[in-house]
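In the two complexes below, chain A is the common chain; its partner is chain B in one and chain C in the other.
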Partner chain A sequence: MFKADILGETLKDGIEALTIIVDEARVHLGKDGVYARNADPSYVAMVQFELSAKAFENYETDEEVVTLDLKKMQDILELANRTDVIQMAIDDNRMALSFGDLKYTIALLSPYSIKKEPKVPKVESAAHVVITGKEFRWAVKAAGKVSDNIALGCANTDFFMEALGDADTMRLELSKDQLVDVSRTDGKSDEVRSLFSLEFLIEMSKAVGKASEVSLDIGKNIPLKVGFDFADGNGSVSYLLAPRIEQE
Partner chain B sequence: MGVPIGDLLPRTKIELEQIDSVAIDAFNAIYQFLSIIRQRDGTPLMDDAGRITSHLSGLFYRTAHIIEAGVRPVYVFDGEPPELKKDTVIKRKVTRERATQEWLQARAEGRVDAFKYAQASARLDEQVLESSKALLRYLGIPVVNASSEGEAQAAYMTSKGDVSFTASQDADALLFGTPRLVRNLTITGRRKLPGKNVYVHISPELFELDDILASLEINREQLIEVSILVGTDYNKGVKGIGPKKALRMVKSFGIQRVLDNLGESLDYERIKQFFLDPDVNHEYDLKWAPVKEEELISFLCDEHDFSRERVENTLQRITGVQHEADQRSLAQWL
Partner chain C sequence: MRAASEELSRKELLLNSFKLGKIDKDLFGPTPPSAFVGRFGYPEVLAGPLVSPAGEEVSLSDTPDKWLYLSREEIIGFRSNLVRSNFKLNVKDARDPGRLLKETQELAMAALPVDVEVKFLKPPRRAIQFDGILTPMGPSGTVTDIEIVENPQVPKKVDALADDRDIKATEAAILLYEASISPYQISRLLSVGTLGKKRLIVPTRWSITATDSMLGENLLKRVRNYPENADVQLFVSEAYGNHFEILFVPRAYAFGWTEMWISQKGKVEIGDLYEDAMNKPAYMDGGYYAARFSALEFLERVRRQASIYVMREVKPTYDIPLGSWVIRELVKDAFSRQPLIFGSVTDALKSVRTRINVPPNTLFLKKHLLQTRLMQFD
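Moving on to the complex of A and B:
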């Protein structure tokens, strides 16, 4: 049994954050809130998602794990306003979604229809950077004008995002005083950078762009961790994105 | 070449797309190219300077084919042949020289069996080996030099998990302990049967050591004993014993009793020990680099007279795949 009421904005944003990586997800409905960890089929990107019970208007559960068709939910929720309160109920392998005068009943997916929960990679980053969500989205969009990839790096405590196309380049540099926060977690000052496909980052930046702050954990040729909060701090999303190998 | 126990071994089909990385027995693959890629009268492909290029053609186009399917190959070259193999090496040399004479005569007489003798005359000399390594370097493919047998080295790299598969036409790599052996990797496709005007489709086959041992109900040491009775590169088999009989006898009596009963004396422990603990090179670097396009074109087209158009088209296909392959998976950080 699961019954909950939630603001349309929170549910829409939460589902958007997940659908950037997966169309279907295994979701834990725990006593303290909702938790999910899913990776894309090629295992290039992963999302870890938490939404506290406090983010809901009402929240009751017997604690269960369900497999949701997120794309279908997102499609249905296009009809809901961000200010609507969405009533959710799960019973007998079906989920009821009600808002306004509409009531949808959708089937849950078989737990065997998607892969097991992925293991979390062990990544030791070299730098922790915090910038505004808006700035991150803007820089990613700017990179897309000249390349399919973007490098994220740090030289000492200066953060940079750089895109190199066949003929054109884009570089954004932000020094310590232009950033919300920056620290070298490896205690070093040399330049570290990793290259990433913009395909995932452009999608991620759509969810990230709404957040006031986004944290980036970066290093030398290691996965990027992108973290941000939503639902007034009651929800958190963390993406991991595997790097591309830079051509020598 | 290799231990003739293939008929005993269960196998499954495998698609190239299922193979992520593979250690290829280079001598085995190059020998296949040298014997298969020939004109009708058995003459190998040659450049304008008269140097043999059959192996370069095979290495380039066949390797490109597997790279296109997403496979990351490593070529493993033999080192010094072990002392145990001395007799086999001499015997092969004699066979090759005899075949070369037969081929030249058959070709001069315009006989149809010229191709057969030409195949048996194929040899891996310094020019063939050095030009093969140069080509692989330009392709950005790692080359590993084994201390001794290439198959033993490839088996070691596979069981260590540095690559997922070993590729060879011979079953010996299984005796050396590879958990997964792929056959026909570099000769996949439509092939003409030797001496006949018949074509067959050859596709890759997978042999998994655990499955083989479970299905034959023996352990690896017993599989080696079966092979020793049938004959390996390091010993002559016992006369009158084929793979099935050897399996039955090893399972029922063990190799020592079989040899005692037949009055055969054979230092099988030494051979067994060689398969179980071969000399391998522990220092190797598996780094796949981007294709050096200009150097490669110059090497194949300017030095060895390959068709520039065909080489460039093939390069275009593999550099496209390499670009995609640059994307890493999170699995590497588990």
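Moving on to the complex of A and C:
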């Protein structure tokens, strides 16, 4: 049994954050809130998602794990306003979604239909950078004009994003006073960088762009961690993205 | 290496290769066996057997799996000796074949050359055509009668499957392959409509690629269960101005294909396709499926899986295309020699780039070989 009421905005934003990585997700409906960890089918990217029970208007659960067809939910929720309160209920392998005068009942997916939860790789980053969501989204979009990949790095505490196309390049550099926050977690000052596929970052930046602040954990040829909060701090999303190998 | 013949100009090569004299209206002689189905006008197409004048040796003329060490003159020579007979039919005629189609089907089933008598409307004129997928094609003429004049020797398995009307064409093709019938013969049988439940005539060009794709898919079902290859291996082969670099990376099966066609003026045209557990190639490419089939045959033989990247450079000297068998057989040929072993994909690519110029951002490099996975960081 699961019964909850939630603001349309929170549910829409939460589902969008997940669908950037997966169309179907295994979701834990725990006592303190909702939790999910899912990787894309190629294991290049992963999302860790938490939404506290406090983000709900009303929240009751027997604690269960369900497999949701997120794409279908997203499609249905297009009809809901961001200010609507959405009533959710899960019972007998079906989920009811009600808002306004509408009531949808959709089937849950078989838990065997998707991969088991991925292990979270141990990543020791070299730098922690915080920038505004808007700025991150803008830089990723700018890189897309010249290339299909982008390097994120830090030289001392100067953060940079760099895209190298066949003939064209883009570079954005932000020093300490232009960033919300920056620190070297490895205590060093040398340049560290990793290269990433823009395909994933462009998608991620759509969800990230709404957040006031985004944290980026960067290192030398290691996965990038992109973290941000939503639902007035009651929800958090963190993406991990595996790097590309740079050719000499 | 066949350096001497590659220095001949296109014109010299054709003059040297072409042997057939004047062709009569009535032709009696052997078929290798061979039959051709055109694609123009589909579903109304032209089809018929390929026949040589009496006395010609044809046992090699339709078996590309035995051609790799022959010169271009030899190949063009015996292909130009085969006269193509054409009659018009609807692809659905395979369900109730008329006399001309019946004769064509019967000879196509044979394992060895068969003597045939063909009557043309007019004497066929000397000609030859070249194509990237099809083998070189000689003179052709509209036929009024075809008659097999000896008893064709048909392999038992071929006979049984041609009689079987309950089995799907794909399953029949797989059974033939498992009975060691050559893929070239399987494609011929498929083309003339002798296999399957709902029989259809299939243009030769399509049946070649369909056979590569079907047989490859069947091999892949097994290959996916094999352990991953141990090392990063690089296999190399080259003939007729076609250079192949074939990279095996120890990962789950995926297949990438990049071809670089270099024109006389040095311009490069690129073909770029790939497949993996989630993605299929963007379009049906004959070269892609020919290379994939040979690579999967090799993986099945060594009981391994791998991410495979086939890179093909076509030099300007390949000015007369010989057909997709060049790809199928050269990829196979590369596996007959010891591979180079590397510690990493980037090292292997560095070696590749000392011989051919592969672009840095091909689909397979981006999606697979140069993209890490999260589980590598445990």
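Quick note on the criterion: the second predicted complex is superposed on the first by the 248 of 248 C-alpha atoms of A that agree within 3 Å, B and C clash if a C-alpha of one lies under 4 Å from a C-alpha of the other, contacts with A are read in each partner's own complex, and residues count from 1 in each chain.
Everything below uses one rule, namely that a residue touches a chain if its C-beta (ideal position, glycine included) is under 8 Å from a C-beta of that chain, and two chains touch if they have at least 3 such contacts.
Computed from a prediction, not measured in an experiment: that's the story for all the values here.
Participant: Would chain B and chain C fit next to each other on chain A once aligned, or clash?
Facilitator: Aligned on chain A, chain C clashes with chain B.
Participant: In the overlaid three-chain picture, which partner chain does A:V44 touch, first (chain B) or second (chain C), both, or neither?
Facilitator: A:V44 sits against chain B and chain C alike.
Participant: Looking at the overlay, what does A:D177 touch: chain B (first), chain C (second), both, or neither?
Facilitator: A:D177 contacts neither chain B nor chain C.
Participant: With both complexes superposed on chain A, which partner does A:E78 reach: first (chain B), second (chain C), both or neither?
Facilitator: In the superposition, A:E78 touches no partner, neither chain B nor chain C.
Participant: Quick one: classify A:D166 as touching chain B (first), chain C (second), both or neither.
Facilitator: In the superposed model, A:D166 contacts chain C only, not chain B.
Participant: If both complexes are laid over each other on chain A, which piece of chain B (97-105, 115-123 or 133-141) hits chain C?
Facilitator: 133-141
Participant: Does any part of chain A touch chain B in one structure and chain C in the other, and if so which residues?
Facilitator: 39, 42-46, 118-119, 121-123, 197, 222-223, 240, 242-245, 247-248
Participant: Within their complex, state which residues of chain A touch chain C.
Facilitator: Result: residues 39, 41-46, 118-119, 121-123, 148-149, 166, 197, 222-223, 240, 242-245, 247-248 of chain A touch chain C.
Participant: For chain C, which residues count as touching chain A in their complex?
Facilitator: Residues of chain C touching chain A: 276-278, 345-346, 349-350, 360-361, 366, 369-378.
Participant: Write out the stretch or stretches of chain B touching chain A in their complex.
Facilitator: On the chain B side, the touching residues are 289-290, 326-334.
Participant: Using the touch rule from the top, collect the residues of chain A that touch chain B in their complex.
Facilitator: 39, 42-46, 118-119, 121-123, 197, 222-223, 240, 242-245, 247-248
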